[in-house]
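Next come two complexes built around subunit A: one with subunit B, the other with subunit C.
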Partner chain A sequence: MINVSTRMTKSLLAIHGCSAVFLGLLLYTVILTGTLAVFEHELGVWANPPSQAGEAPLPSGIGARMKTLAASVDPAYLDEVGVFPSSDGRLMAFFHTHVEAEQGREAVEEGTLILLEPASLEELDRVTGSADEVFRHFGNNALSNFLLDLHIRLLLPGQWGLWATGLLGFAMLVASVSGFVIHRHLIKDIFTLRRRRADVLAARDAHVIAGSWSLPFAFVLAFTGAFFSFGGAIGLPMLAAIAFGGDVETALEVLQPEVGEDSSPAPLADLDLILVSAAERTGGEPQNMFVNHWGRADALVTVRMSAEEGGLLPGAVLYKGATGEFFKTQPNLGNEPSFGGDLAGLMSPLHFGNFAGTPSKIVWFALGFASAYVALTGMVLWTRRRESEPGWDKLARATAWLGYGLPASLAAVAAGYFLLIDGVSGLGYSLLYVFLGGLLATALLSFGARSAEAANRLLLRLTGGIMLLLPLLRWLAAEGPGWGMALSSGLSWVFVMDLCFILGALACLRYKRPHSSPEEINIERTDEDKTVAERVADAA
Partner chain B sequence: MSIDVVALLLAIPSALILWLLADRDPKRLRVQRIRDRGALSANQRKLLTVALFLPALPLMALGYWSAFLIWFGAVFMVGWCVVLSLSTLASR
Partner chain C sequence: MGGLAVVIAPGPAMINNVAVPLVLFPGAWGVLFFYACLDQKLLRAYGVVAGLTLLNGGLIAWHFAQTADVLQAAA
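Our next item is the complex of A and B:
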């Protein structure tokens, strides 16, 4: 039990509530999209599957295939070459160089992006241009990318989005810590959920219980999320400003390992053998591969690996490209192993939950769902306590709008994707328009409904209805594989995701909010049942 | 079977202990006005709480930190589900 004075509790309650009122809806958006993004790759495969699943993220034979592709692109683009799986399981090979930018502007990556089938390594399409243009050219990842953009940047341009989500990460930290301190009987109350009590008390219990059980992870997710947002928006530019005169590119280059400049031509070693060696050396699985200075004596091959079984930290190993000789193990940060580097390396697995494949993703999805539930029930609780006050009805409806309208709008984006996608061609801003249209429609429903409660029910059913349509749209409108074909092609996630959407839709359509009887509403808690925070709230 | 799947399986005995702890929790029984079963004593609760964490010990001892995190997260989520389930059962 944490002993804090009544005055302190009152202040913390105000901080906790204010952080929720002003940032709660945006925070809920970031948490909900982050929860869905845990299964980003699986959603990508479900939305636009390849014809056959690949045997591994980098299948055998990819090294030889890269050599034939390298012979077909502009030699200037052999400066930096990367091959990596895209969200939908297909492979992307990006041959590119850095084009010097005008004074005061960042250097631009320009090159050829080639899309490959993961099993046959057959070329599907290629496009040449700046990095922005070529990645926008393909629509196969559009659904996952939209979700990630909403989670990472709230669809805001440039660094603004990172600033916004970084601040939201700090708001979540503040809410977690203040909520922990306010709720003095955390352990004592951890099994107590009063559903038979009046609505407000039941809502309060639902919020506190979900918050208590997800507290350590809410703290971890908030901290790592803020780290990622501010690391890119502030950390790197600050480092560059202090040590490199503001030149981010040079700062990044200095952090890269050096093998000594030698531009004389030299054939590249067998990349497939390098991948086998990297797997044997680290005990992990190659996830992606980058080659600097392809075809030169100073070529350097970087293979990024998954963590070894039971481990958390992903690794990277470097090979000399000309000889295929092992060069060094790349630390998570900088060129020498360090505690700080390991800590920085932990941020990614702890935030994304992808350190052990499906088991860790299931757990992280559940933890994210609990955090989203805490954010939403916190808003609902705050507004319900003040629903008799005129101004708060609008916030209650706004909570209903985003709380239940956001899932409906995201489901509408997926439906829009299936109706608009044509093979792997790009979709431009179409999904953004569908999303904004969904938000507008759900806003009209929320603010036009009889009450916030009626809006909740309506939007939940709308979400369920759209989710129920998704497997049909995937199959009929987007001409995706049926369940039999998907399972026989090793694309089991297509079946699993369809099933999840059907079950989720049925849950939304069948959901009934438990109602308290008039007698139960009149039940008051004994003084012993109340926490100091409640007594303060009652007094207020 | 991978160690990460083993971690999920190890969450099952912990979940059973959590269920027992929640089912016989004195405050829950009092607040939900359940009188057909007795609450666990403080010593019993302490013993069960220690037992709750026992499945995680081999994972930590062998350095399977990813498996430990999976177990840890799974136990917390199961705990939430147990509380929701018991509350629903009690309200019927």
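Our next item is the complex of A and C:
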């Protein structure tokens, strides 16, 4: 318990309540989509699996395969070459160069993108054009990309989305810090669930338990989320301009290794041997590989590695491309190990929760789910207490709409994906239209229902119904593998995800919300029984 | 945040002056936000925030002036 004066408690309660009321629903959207995005790769594999899982992110033989592919593309695109796994486990090989754009515009990447099966390394499709065009051409990652775009940018164009999610990150930071300071019985609340008390008190306790457990996590997520959104949108360009006096060349020199330029032709060394050497040298697993100046004497091969056993930060190993000779190891950021580079590097594992594989992802998912539950139930409890007042009923219905209509719309996007996808071909803006249609339909249901409570129940069942259909649509409409074939092809995530959706659907369909009238909710309770939100209201 | 890029030493990798302020930004913003909301004297809060803004602006202006002098001398 933190002792603060009554005046400061009132101010903190007001800050906590304002951040929740004004930005609560948008914050809930970002938290929920972020929670799902923890399993972005697994969702990608589930939605559009390759025919056989690859043995590693960069399987053996990929180096030789890249050489045969290099011989088949425009030599101008050998300037920069990258090979990396996409969300669904397939491999993408991007042969490209930087094309000078018209005056006043940034240079664009242009090249050929080739999609490969991860086990057989068979070519599935290829496309040539600008980076934007070629990556939009393939629809195999469309579901994961849609989820990420909603989480990172709220589907807003350009920098606007980063500004919006950065602002929400700050709102979450404010809510978590003020919530921690005004939380009077943090330890006690972590273990208090009075199931035999009135239904509303049990629901209130569930809200407080979830909030108490996820408070430190919410702080970490808010801090790192604000760092990524605002850091990328304004922080990094501004600081780089100040630190390097606006000198872009100096900035690039600091971040890139120095290799003397030599454009004379030279064959590329064995890339498969380089991958083996990089794994032996670092103890990590190669995640992706980039080759600068393929076929030239100054070719440089960069192999990005997973963090070594017990480590937290990934790094890269660099080799001279013409000789295959080890050049240097490179930290996550910058050319030399540094405090600033390590500090910035820590933001990724802390935000994405991928530092210990699946176990840490499960913990991040659970805590993210708890945070989304807290954001939603906080709004529901607060609005239910006031639903007899005309203005608050609108907010209660809006909470029902986004709180339960968002999962229903996201489930509809997955269903739409299975109905529309054809192999790995692109889907354009189809998923956006499905999502907007879902939001419109759920808005009509929420505001047309008898009450906000009825809308909650209806939308929860709708979400469950769509989720129950997803495994069937994946199997029948998208012609995905059955469980037996998926398990025998090393695609166990297909089976696990199907099972998760079925269990989630059953939970939604069988859930019985305790119904309490506003009068019941307003029963006289001790000060200890009141939620933070209720205390905000009392203070106001 | 901008002023920190001038004050913090770049270090051997030449990135500490960019990376450290970038990571500290959400924390620095949070501390200033709570201070501005909780200070009982509004004028004092205005003064502290305005002072820090001026200090940052001054440091950045001084840094750019130094850079311009170095470039002029080199030319």
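Throughout what follows, the second predicted complex is superposed on the first by the 485 of 540 C-alpha atoms of A that agree within 3 Å, B and C clash if a C-alpha of one lies under 4 Å from a C-alpha of the other, contacts with A are read in each partner's own complex, and residues count from 1 in each chain.
Just so it is clear, contacts are C-beta pairs under 8 Å (C-beta built on N, C-alpha and C of every residue); 3 or more make two chains touch, one makes a residue touch a chain.
Keep in mind that this is a model prediction, so the values were computed, not measured.
After overlaying the two complexes on the shared chain, residue contacts for A:363 are found with subunit B alone; subunit C is out of touch.
In the superposed pair of complexes, A:355 makes contact with subunit B only, with no contact to subunit C. Shared-chain residue A:495: touches no atom of subunit B or subunit C.
In the superposition on chain A, contact of A:210 is made with subunit B only, not with subunit C.
By the touch criterion stated above, A:231 is placed in contact with subunit C alone, subunit B being left untouched. Per the touch definition, subunit C reaches subunit A in the complex via residues 1-2, 5-6, 10-23, 25-27, 29-30, 33-34, 37-38, 40, 60, 63-64, 67.
Of all residues in subunit A, those touching subunit B in their complex are 188-196, 209-210, 213-214, 216-217, 307, 309-312, 349, 355-357, 359-360, 362-364, 366-367, 370, 514, 529.
Per the touch definition, subunit B reaches subunit A in the complex via residues 2-5, 7-8, 21-22, 25, 27-28, 31-32, 62-67, 69-70, 73-74, 76-77, 79-80, 82-84, 86-88, 90-91. The touching residues of subunit A, when paired with subunit C in their complex, are 7-8, 11-12, 15, 169-170, 173-174, 177-178, 222-223, 226-227, 230-231, 235-236, 238-240, 242-243, 245, 254-255, 331, 333-341, 343-344, 347.
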